[in-house]
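Encoded as structure tokens, the structure appears first; notes follow it.
Lettered A, B, C and D in written order, each chain numbered from 1.
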Amino acid sequence: MDRAVLPPTEVLDAPTDAADDRWDDDHFHDECGLFGIYGSSEASNLTYLGLHALQHRGQESAGIAAVQDGALILHRELGLVRDIFTEPVIRKLVGDRAIGHVRYSTAGETHVKNAQPMAVDYQLGSLAVAHNGNLTNYEELRERLEGEGSIFSSTTDSEVLVHLIAHSRQRTHVDRVADALRQVQGAFSLLFLTGENVIAVRDPYGLRPLSIGKLGDAWVFASEPPPFDLIGASYVRDVEPGEMVVVSNGPSGPTLESFYPFGESEKRTCIFEYVYFARPDSKLGGISVYDARKRLGAALAREAPVEADVVVPVPDSGVAAGLGYAREANLPFELGLIRSHYVGRTFIEPQSSIRHFGVRLKLNPVREVLEGKRVVIVDDSLVRGTTSRKIVKMIRDAGASEVHLRISAPPTRWPCFYGIDTPSRAELIASNHSVDEIARYITCDSLGYLSVQGLHAAVGGAGYCDACFSGDYPIAFTKPGHQRRQLALIGV
Amino acid sequence: MDRAVLPPTEVLDAPTDAADDRWDDDHFHDECGLFGIYGSSEASNLTYLGLHALQHRGQESAGIAAVQDGALILHRELGLVRDIFTEPVIRKLVGDRAIGHVRYSTAGETHVKNAQPMAVDYQLGSLAVAHNGNLTNYEELRERLEGEGSIFSSTTDSEVLVHLIAHSRQRTHVDRVADALRQVQGAFSLLFLTGENVIAVRDPYGLRPLSIGKLGDAWVFASEPPPFDLIGASYVRDVEPGEMVVVSNGPSGPTLESFYPFGESEKRTCIFEYVYFARPDSKLGGISVYDARKRLGAALAREAPVEADVVVPVPDSGVAAGLGYAREANLPFELGLIRSHYVGRTFIEPQSSIRHFGVRLKLNPVREVLEGKRVVIVDDSLVRGTTSRKIVKMIRDAGASEVHLRISAPPTRWPCFYGIDTPSRAELIASNHSVDEIARYITCDSLGYLSVQGLHAAVGGAGYCDACFSGDYPIAFTKPGHQRRQLALIGV
Amino acid sequence: MDRAVLPPTEVLDAPTDAADDRWDDDHFHDECGLFGIYGSSEASNLTYLGLHALQHRGQESAGIAAVQDGALILHRELGLVRDIFTEPVIRKLVGDRAIGHVRYSTAGETHVKNAQPMAVDYQLGSLAVAHNGNLTNYEELRERLEGEGSIFSSTTDSEVLVHLIAHSRQRTHVDRVADALRQVQGAFSLLFLTGENVIAVRDPYGLRPLSIGKLGDAWVFASEPPPFDLIGASYVRDVEPGEMVVVSNGPSGPTLESFYPFGESEKRTCIFEYVYFARPDSKLGGISVYDARKRLGAALAREAPVEADVVVPVPDSGVAAGLGYAREANLPFELGLIRSHYVGRTFIEPQSSIRHFGVRLKLNPVREVLEGKRVVIVDDSLVRGTTSRKIVKMIRDAGASEVHLRISAPPTRWPCFYGIDTPSRAELIASNHSVDEIARYITCDSLGYLSVQGLHAAVGGAGYCDACFSGDYPIAFTKPGHQRRQLALIGV
Amino acid sequence: MDRAVLPPTEVLDAPTDAADDRWDDDHFHDECGLFGIYGSSEASNLTYLGLHALQHRGQESAGIAAVQDGALILHRELGLVRDIFTEPVIRKLVGDRAIGHVRYSTAGETHVKNAQPMAVDYQLGSLAVAHNGNLTNYEELRERLEGEGSIFSSTTDSEVLVHLIAHSRQRTHVDRVADALRQVQGAFSLLFLTGENVIAVRDPYGLRPLSIGKLGDAWVFASEPPPFDLIGASYVRDVEPGEMVVVSNGPSGPTLESFYPFGESEKRTCIFEYVYFARPDSKLGGISVYDARKRLGAALAREAPVEADVVVPVPDSGVAAGLGYAREANLPFELGLIRSHYVGRTFIEPQSSIRHFGVRLKLNPVREVLEGKRVVIVDDSLVRGTTSRKIVKMIRDAGASEVHLRISAPPTRWPCFYGIDTPSRAELIASNHSVDEIARYITCDSLGYLSVQGLHAAVGGAGYCDACFSGDYPIAFTKPGHQRRQLALIGV
């Protein structure tokens, strides 16, 4: 790394302004959540509920596609699940099978054209697809397809997939999907809906999660298991890395078949789901997320101990790690930061406010808990450092005598190319600054991270992708050689 | 024709109910209006105004695509031009060239997915297209394209065109457009927008209209000339049947070139534009529409005279013909039917109303003009007969002693396959009933039409398509052999 | 009159800019339309339809109040009748009696707070009122009421009325209404709705219209008769000047009683309703509006003849007068100006346009009718002159060799204080300029008005208010001594 | 108490269905939050932010009134603060003083007519008022006022207040407010806005909270202090019970004066603010809410101990008490229930769900924390019992071996008449059932409440209203003798 050692505050202040336009600027954003069901007379209503339980995985847009008698109906919109799917809309999404999608955009602009599921008519009939992940050879595929006369109306990976399926010479939807997926590289969990099937696939590394559930005769799919709880389904198992699961109509109801179209595969599931993305009440790969986070906190307490009076988590995502830290360190645990759950907007920043006061709309300190105390703040990640800096200032203004920041993960040094919206390396503070430099920027009295080994040990199990911490990418990523031209659609 | 002669009222009552859901059930609906401009710094604003002046050609949806520096921006929505294009939207549609479209759907359901212009990215960059007309070999082309791996997300002719362009092996947008158009059959006036050009094309028969105007250095296109008046442009000439006009950047501003890619062509412009579709202040093929309508009325007075006291037109489209009739017949002309220009909706039909009272919301008689009089009603067309029947009843209820209906066109016996929304033959009352039978159904004292020769003579000029009256179709139409499956999109 | 004779164009240009913000700047705007019904199970649906037929009397806001079992329900909104009253809203407005109102605001700003009907609870129960007209002692009454402790949340006359009713010591709604109305001066047609009655009142001069109809057992009221035609009711008679009509529940259905609470009264109905406001298919005071307009045109042809080739009316309101003029002058009548019925908005005026091009969005000339002709333009009024000036320019640009403007009314010299929205004297071009000066400003070749005597003779009958032409005001008007403070409500 | 001892399940099931329509059916709802500011150039923007920080006190409607040069501008709407106050709206609310209000309706129907602030014009000018509380002599006052000729367009206490002010014979706004308030009884915290002043008043018992802050020269008021943190203001003190604080323009900026218009007063502040309503980061009457809740939990652990393995709070409001309980009982504290912060709606309840599955959309158990454990659930209140019953079932379904419910307050036996939305006695399960009966209905293994003495001791300080627990009402409440007729407004 060829960066010059510059005085940290100047260097570090630079990205602050732009970064602050986004609320959660110190957190990652998973791109998508998937839900699918085959074999229920209330398929679209259950998909609506399932998406609601996955809303944390994407708040920008949502969509549902349903099929009845081969006729595919699609509704997608920008906004939250509960605002998009009113009763009249749900009633129009008829049929006993449906797939749904929630999305958080990685690009700056948000357009309905990129909302999912995507649906088209092609030679074999109607087809809808919902995608979570990122195809690393998207650019090459798109260039090849355009050379063959394909037209594009979005910039989503899904549209490339659909073209590959339409160009396949195979005879059935299922064979064409397998054929197409053998040509793509990258991270993907996918749900396809056709007149005959729901197809669920996970890439050979299993980078993005996908679970199977059962509700009576119906088969259900979701990015994480909590939607199963909500609709009363039972969790069956995860879709395996490299597995393609096909649900079709059998003689006695919906039948599930399993294929492995990619040959070999090597489990490398995303370890960051345990640290931050997944719901705490989720279980991924057989491991409880809540338990894993408590173990992360406990390991952090052992690796980065500090003399202190109280442990305060950054809510909501840091709470379980904070509990683990406090218990291991034998320190009192207090909710010294209160989170507002009415997401606010600022149109005109008040003159009286601290610069970039955004974080105040979300978090407020409880002075009585902090005053005169040596405080350990436990958070799950530190991306740009701007929010952490404001939190530290807020805690200190509330009277804390010392502020020690502890992150229940290793430093985030590398961008994710597998479907998680992380900033570029230039914006990742840990990619070009030492822990001491970061601590000085954050203005905390001490800063501690978890080690990569500590992370793996605390989560438990094996076969994880930890590229964002280690730079060890399981799949090569070809950076686009040219800027994509891009159709812009206003409103539609 | 193998229909049995049934008692007319029963037969004829049948389609009434369904037909009545639509307001203008006794009138035709042109599908589309086009507007384009190349070389003005206020391209999208002028396109907005141009579409406003073409609103009568389509009230279901509207769209504008604009290009700046090769980046294409598109906005389209269901609704009226003035509601869709707010100032913020217009401000986003930057660039010195734009094309726009207003649309009336022929299908029962209306979806934004079928709104135009359509825009895509393909091998040569971004491309938008706006289409007025109907491709008669759409089904064959779509089947062929699907067989070659094309995907479809709408059911518009435009999407077939775009695939043909993307599949062409030619090197430039312009050559590819020509290549694609040589493969299609049917009626089309088209505007294309690319990073480099605006392209205007009219099919070899010139079935649908398209005019060229000039505004300073800018070239302007519109389905009819009145938009030129509105924006201060001057009318130059019509695009010729079979002509492709390309505007590109020349050394001293926008340059227009003309091509004839289709080889031979034979002028067969739509005669019904003069009878009903076009604005009365339009001039098509060098003939004033207002003047033509007055001549139609005069010819009608000669062909179908009647002893009467007063001539009353059905506003607004029948007014000019009514004037012509009255003057030729030397009868007083009175506006005995008042049209409300606040288009109404009925949610719950009042119990007190005459059955299907819809027409009342639009037209109301002036009793003083009609009472005790022998009234000649002049209208421009009679499609199903349901509205005319209500109008006749309304006139009689207002005290008329006799009601004579005169139509300033021949009986509409054949559906239009070239871009005009007409009912099927079964619903066209004149296709399977004699004039006497229709008169009995309409309950008028006499009914008179214009002859086909009278029509041609009154409009003047030559080379018209009069298929809706004569059944003489210039282009064969292949009925689809199978019902198209169709993707349904709710809202989006 | 103390104006200096200034070069007319300078003087006259001054008001142009501000005036041009409004579309119809050369026309008056009646403030309101009323509709009421007592005794129909579909009262609110019929009121919706009735208001639709009165939409021309006010497009800014609309409201309906209905009563069932003493419970009053109100809905009012800014916008057009058909957009406000959706089926769910109509279904909520239960009960067998209802009153409704459409409104055009006189003030610059439009607020729902001033929408009508107004509804309140007071000592005797719930009460709604809809008002057409203007109370000339509003300021005095409001000051007195405020001195007695009344609070105001609107600036409508209706709120003063409601306070007077609430302060009355009478025992019944009906007596209190009479008591309150004896204290007010000015022009009013009013509908009241209580738990027991619908009450219809017209001021002692009968300045604003109000008609009675019958639909089965139900009694119906409307500002003009055409709504009766729409809903299938029959016209019974006008409410008389100074009459108060009370509908209540009699032993055999709704019973109508008539009172004259104001003692003497003197008919002075608004003559301008015949000239411009009322629908042409209306009959007011026993006189057909359409016929009256034709007679106005004929009288104008006699009073202000001119050598010409063609008579062209300004649509829609000038058409009947144009017919009358042409017939009397024995000149051809042509619709040489086409009116667009899609009301447009301009966000950004195109640079290429004539200055203030607004009128173009509404009217377009038919060149073939005008070219090389000496044209008589017939319009019904000329207020500021700005629109007329643009129309004359448009006609001349279309090739007319001469343009003669004829107004089917006398010069509008005085503002209306009785419920019609006219500009102040300073803005009325005829109030401070001679006909010659106006003609020069308008740039027409000649300008002709009808005389006041000619107006009265053409309309026929007697007992009219012609104050806007003559300055002869039947009721004194107290100008407010101070600027009213005014609560502003955004949105609500 | 004269209730018969019925089999509890039957009795108790009865209210379940109706109650379940509301999400938070086991929690109280405070009616309102207030914010005001005098002396800042960004008054409306700061009021917007202040209301955002008070959003938990009312989510149904919000409004802001601002004054500039005596002109009062008001905007209020149904919805959330952030959706109502867009930048254009805030920009229109000009002036250096403003008051705002958030509201949760007690009545079943929600109407903008009842949204606050209320604003009127009266003899002394414009006046706006925002009210938190409930006037216990509202009905008497309204009847008296109606008898004197007052009209009403809402059913809010504020309208009665405004009438009393308008009827007062005092000379100034301030004296009239004092005069009016001496006539009312009940609980009120009030903010008034006039052309000259902001006035803040608290009833003689100080039942509802109200705090004073300072931001530079400006004086700020808020129901609770956290909005001061958000805008950078400092907390000064609470408004005292019975105090009227008037801010006006002094020679060197905004000046605050204090009055005690009610003579004697006796502090009886609402103890339930500490238990549930107030934000945990609030400080009321000098006592930290977070600390008080921890003490309530600790006291509960002493009063209602149980052999158990883990303490799980019901988030968010039960968390602090849960921490206190766990620490006092020396038991592990775990977040075994995860709360979704995307508030959901169910349109169609899935057939597969447990009956009334509503609570599932909000809470989901973490199985790993609960499985095989003896669980103590800590919640802050139990109103009808329906939600608690579902939570207990959910915990047990997740594998808990025992479920012990602990409420950090005494049984809620009496409705609040002072501005908090509680069900009637019939619906309060504790008002007519023993703890054992409730436990059986809830299906928990044990149920424990805090004693009233324990509550007072844990909160600390003195002078509280605890009527909802004890029935000891400081102010008599006159139940209305008749059902109020009530104007219904749809939409507006």
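In this section, contacts are C-beta pairs under 8 Å (C-beta built on N, C-alpha and C of every residue); 3 or more make two chains touch, one makes a residue touch a chain.
None of these values were measured; they are calculated from a predicted model.
> Starting at chain A, figure out the least number of steps needed to reach chain C through touching chains.
Shortest path length, in steps: 2.
> Relative to chain A, which chain has the most distant C-alpha mean position?
Chain C.
> Could you give the separation in Å between the centres of chain C and chain D, each centre being the mean of its C-alpha atoms?
Using C-alpha averages as centres, the distance is 49 Å.
> Just curious, how far off is chain C from chain B if you go by their C-alpha centres, in Å?
36
> Distance-wise, how many Å sit between the C-alpha centres of chain B and chain D, to the nearest whole number?
61
> With touch defined as at the top, which chains are paired up in contact here?
Every pair of chains in contact is listed here: A-B, A-D, B-C, C-D.
> Please give the residue numbers of chain B that touch chain C in the complex, ascending.
My answer: residues 40, 42, 45-46, 48-49, 52-53, 55-56, 80-82, 85-87, 90, 215-216, 226, 229-233, 279-281, 283, 288, 290-291, 316, 319-320, 323, 327, 332-335, 338, 340-348, 350-354, 357, 360-361, 364-369.
> Name, in rising order, each residue of chain C that touches chain D in their complex.
70-77, 89, 92-93, 112, 115, 119-123, 125-126, 146-153, 162-163, 166-168, 485-492
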